[in-house]
Amino acid sequence: MTKQIAILGASGYTGAELVRLIATHPGMEIAALGANSKAGQSMARVFPHLRHLDLPDLVKIDEIDFAGIDLCFCALPHKTSQEVISALPKDLKIVDLSADFRLRDPADYEKWYGNPHSAVELQKEAVYGLTEFYRDEIKSARLVAGTGCNAATGQYILRPLIAAGVIGLEDIILDLKCGVSGAGRSLKENLLHAELSEGYHAYAVGGTHRHLGEFDQEFSKVAGRDVRIQFTPHLIPANRGILATGYVKGEAEAIHDVLAAQYGNEPFIELLPMGEVPSTRHVRGSNFCHVGVVADRIPGKTIVIAALDNLTKGSSGQALQNANLMLNIQETEGLMLAPVFP
Amino acid sequence: MTKQIAILGASGYTGAELVRLIATHPGMEIAALGANSKAGQSMARVFPHLRHLDLPDLVKIDEIDFAGIDLCFCALPHKTSQEVISALPKDLKIVDLSADFRLRDPADYEKWYGNPHSAVELQKEAVYGLTEFYRDEIKSARLVAGTGCNAATGQYILRPLIAAGVIGLEDIILDLKCGVSGAGRSLKENLLHAELSEGYHAYAVGGTHRHLGEFDQEFSKVAGRDVRIQFTPHLIPANRGILATGYVKGEAEAIHDVLAAQYGNEPFIELLPMGEVPSTRHVRGSNFCHVGVVADRIPGKTIVIAALDNLTKGSSGQALQNANLMLNIQETEGLMLAPVFP
Amino acid sequence: MTKQIAILGASGYTGAELVRLIATHPGMEIAALGANSKAGQSMARVFPHLRHLDLPDLVKIDEIDFAGIDLCFCALPHKTSQEVISALPKDLKIVDLSADFRLRDPADYEKWYGNPHSAVELQKEAVYGLTEFYRDEIKSARLVAGTGCNAATGQYILRPLIAAGVIGLEDIILDLKCGVSGAGRSLKENLLHAELSEGYHAYAVGGTHRHLGEFDQEFSKVAGRDVRIQFTPHLIPANRGILATGYVKGEAEAIHDVLAAQYGNEPFIELLPMGEVPSTRHVRGSNFCHVGVVADRIPGKTIVIAALDNLTKGSSGQALQNANLMLNIQETEGLMLAPVFP
Amino acid sequence: MTKQIAILGASGYTGAELVRLIATHPGMEIAALGANSKAGQSMARVFPHLRHLDLPDLVKIDEIDFAGIDLCFCALPHKTSQEVISALPKDLKIVDLSADFRLRDPADYEKWYGNPHSAVELQKEAVYGLTEFYRDEIKSARLVAGTGCNAATGQYILRPLIAAGVIGLEDIILDLKCGVSGAGRSLKENLLHAELSEGYHAYAVGGTHRHLGEFDQEFSKVAGRDVRIQFTPHLIPANRGILATGYVKGEAEAIHDVLAAQYGNEPFIELLPMGEVPSTRHVRGSNFCHVGVVADRIPGKTIVIAALDNLTKGSSGQALQNANLMLNIQETEGLMLAPVFP
């Protein structure tokens, strides 16, 4: 039976990406689209690329009747998200794409996001949405917290290595290159085309990016001790894509073996043959993540690289993958779209 | 029953786009991939974005056993295409994406392409593949000639207007803006990123672009007299997309009415409300074509604009749409993917 | 003796471009930079690419002492500009880059810009800043009104042809392709990189673009009768550049001859050999304008194309060229920088 | 007296960039342009952006009369360069932009470039062209070897720190992001716009990039012991720019102090205030290099970042700076052009 879906925050890029993916999903139907600032408009006006679809108009969130809704995606800004979700029916299945339920410790949340958490009970209930590592918990969860897009990319390469103990924990460096859409559709001077095109730079340098909260939490958990990595994101003049270059101390063969064992049966994580490296252009618009391993010329040092699409595998595709699990639909349903190249 | 598909010329962009679309088509299976220059390589090596698919390796075309093949897409260069197709089984259904069978008159072919046609009998048999206008012929055709990508775009806006007699035939101007992938994957200095990015220019100015052969043929046919338009393509620094700006003499209301009647039931042609204009970004990666009509401030003059993705609706998507018809599959199967934005 | 220069509106793109050009101008020195919204900041903070220069900080406009200023560039929004300039010393030489003094008839101004003109006396005094056609008036002007960037480009190809009577006046079409920086540094959703990159579209279709006011005024003036052209701008994903494709009725040879005579001695207008076409990439960052002429296959029709950089020859370079004339400096001083390619 | 200049390899991007810079250099005149593959063509045909200049046509290199030439820039491919320079007059001043004379040890050259060196005597004579560190030697040199563009960028941040002993030598990581023009104008599938635009990837991963030969040589020299760093370049969809992100062990304050002392009087190296980071967009088209230092949240770790334009400060601008020194012209002459933004 077709599941009825609501999307809150449908006027942003992750909301539109959810609609794009669900449009060809045989087991889901979009029943409500919430977007307070653009309420009253048709989706065709807000996102003309979706005009061929028969979609409900955007409405204010409190106008939505959640009675017949099977699952609700929440693609709202952090802080707003926890307030909105607190007011939703307590038995509604929810996949949240904001940062509000990613960190388990309220103190960590306040440290990284600057405001105290107002829905601590929900935070306890939430399951961290990194599908490949929390699959069983997600299947039975009511509230799943989508990961940060950078946090997902970094974990795909580092998490299994830390868990397996094949790399040193002291000098891990993650140098990320992120596409522009990760910053969302907000009006900021530094996101204008004329500012960004043909140039690139690092930001949040020195360990201030909020996704570090997730790295600290998850890497420390699997290591059984505190782990702190260095993480530098860079903004690249491309609309989609995250490329994570990880510098680790460990043997390339052992690292490749661990990743092969981890991802051998995963439908969306493609480990490349030893020595090959991924490119963001080869995952664009898809739910796939490509991972490569190369030994450095200096013995004992290895470079591990992952590429994914921040809007798909990094957020909305991951959210749909988790929703499939929560609704007992085949995990890959609606997500096997091939990347768009060129 | 799943249809067995062969693709010749699979190492080019239109070949890759066919694979991308067929990958999620429930009624087709790729049985053979031909590409002489890269024969012996895996598709994952030639197009890493397709590495998640279980595809046959590339082989030389004469190594393919066509016995079990239901339909063959031929995405080869013109001239090569007519030679290869001449050697294929005479009962094999074929969708050709080259220019070889678009023009009915061999003299026209030689005039525009510079070489005499070597398969005149096939040329007679071929049906012109502009689906919305040749649907019935395509259903029963053995050999369908895919249109030029610019030729399709221009016809979507001008053809119904010429046929309906609502525009003057003397001063039609078509100013096109084309993405880079339309030029294919060939090694030319003027296709390098460093040459193209951040700049744009007109080419084939003055009426020398080969797709004019199609405009002349088709517009004259529907007008019942010789029609010659002006056509200037421009190369734009974007990978996908064609935007056609048509300047015509006629009343905007009458023009919009004709287009509404023509496309009201078409699954892929979206006529925008009067006064709205399309953008290539809203059709990227999809089989949709958006059409807009705006009255000029000068009475009696109207601007008609179409946007489509040259690799999808302009070539490989059109080819698949035609193949569906030829194989008695639902016309939209595998083609309802929403555009990728941003 | 070095001339003292003030720039009002220095935090926008045309302001920054003025600073870039004046930085290597041997006869000018920047004495004051006004920008109300960013007053108090250093230019290095607002435009880090200018950090190597020894520049005054940004100040509020009413804090500037104009006593020692020889010439003031005014790069403010329209409407603001006429208010600010009204309050400046009456003997100060001014080059205004806004739209406020381009149209001679206050009724025309109100029609195109929506507000009544509040400085009609200044409007009468202003000289239209299309250097190649108003050179003598500019030399002795106190207030010069910089042209619209699109208006300059279109006039470079059409104005001499209309004046010489070598083209028909009824069916002139100007199809423009504009880079993103022409829209300035304002915060609009449709100027975000994620919205613009990899897509393009027409805007202000049907004769609503404000630069038509300039075309109407100037073309009617040189024709000695009312002339109304069709003009459709398109937004292209590139930061700089305007490409104007003009469709006219007239003989290509005669047209080329008129342009050769007009521009033979001009330092910045380069007429290409018959049949060659310009590209925006070949004028980027420079004050040059390249012009090409091609005969259409239809007898009596010709395509004329111009390319220039909207921020340089289209606005700030033009402004500096005019300032040189007003200050009795060699016209080309500071403007012979070669284009930046690639 | 104006110096007479020859440029060999003028049909490539670094050759064109030399012409662009010299075009406004008051003390130099281009007397000969050599380019074997395009000999006989005008520069305006090969590089239309230079059409406003009065330049000699391209000729075969052996047709150039070097009698009146004061200095010759050699912008040829490596291996070709050593052959050509061997045949030039022995007293001709030469700035070579190839890799042929960067490495002092012929065995190092053969190891990194794959062929034995055929001009070992010239190699001994050559001075390494990193201006800020070899200024005195360059002033009196006859043959200066331009550095690799990546090698220059990396040295600007790491070299003074290694020399001063303020960073550890064991775990230095250099993660570079390079624009497309660094790969030159050669016809390779992976340099096509449709391949590169909107995607990015690492290449030469694991320590195989040839510029490591320069890092090894120079860093070991200043350290007084063998130093081997990790170096991973990434190809970014932008035409110009190198951004080098260096990860070092050392105190940020000490590092900033060393760089301030090193570059305080340098005309082209701009050290940003502590905590600020550079962007390639702010040096585009200029000879400036911006350097930033940020302390990591992990004590004792620091990120040092440099941005420059690979075609200007990374190659042709550096070459002209060195030529000025060799010809006893002011070092900054012709090089103070402000960056082009946006």
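Residue numbering begins at 1 within each chain, and the chains themselves are lettered A, B, C and D in the order written.
Operating definition for what follows: contacts are C-beta pairs under 8 Å (C-beta built on N, C-alpha and C of every residue); 3 or more make two chains touch, one makes a residue touch a chain.
Because the structure is a prediction, the values reported are computed rather than measured.
For chain B, the chain with the farthest CA centroid is D.
In this structure, the chain pairs A-B and B-D differ in their number of contacting C-beta pairs, and the larger number is found at A-B. For the pair chain B and chain C, the distance between mean C-alpha positions equals 39 Å. Separation between the centroids of chain A and chain B, computed from CA atoms only, is 36 Å. Rounded to whole angstrom, the centroid-to-centroid distance between chain B and chain D, based on C-alpha atoms, equals 45 Å. In chain A, the residues touching two or more other chains are 13, 180-181, 194-198, 237-240, 278-279, 281-282, 284, 341-342. By the touch criterion stated above, chain A contacts chain D in their complex at residues 171, 173, 175, 177, 194-203, 205-208, 212, 228, 230, 232, 234, 236-241, 243, 245, 247, 275, 277-282, 284, 294-298, 301, 303, 305, 307, 341-342. Considering their complex, residues 13, 16, 19-20, 23-24, 47-53, 180-181, 197-198, 239-240, 268, 270, 278-279, 281-286, 288, 290, 311, 336-342 of chain D touch chain C.
Contacts from chain A toward chain C in the complex involve residues 13, 180-181, 183, 185, 187-189, 191-198, 237-239.
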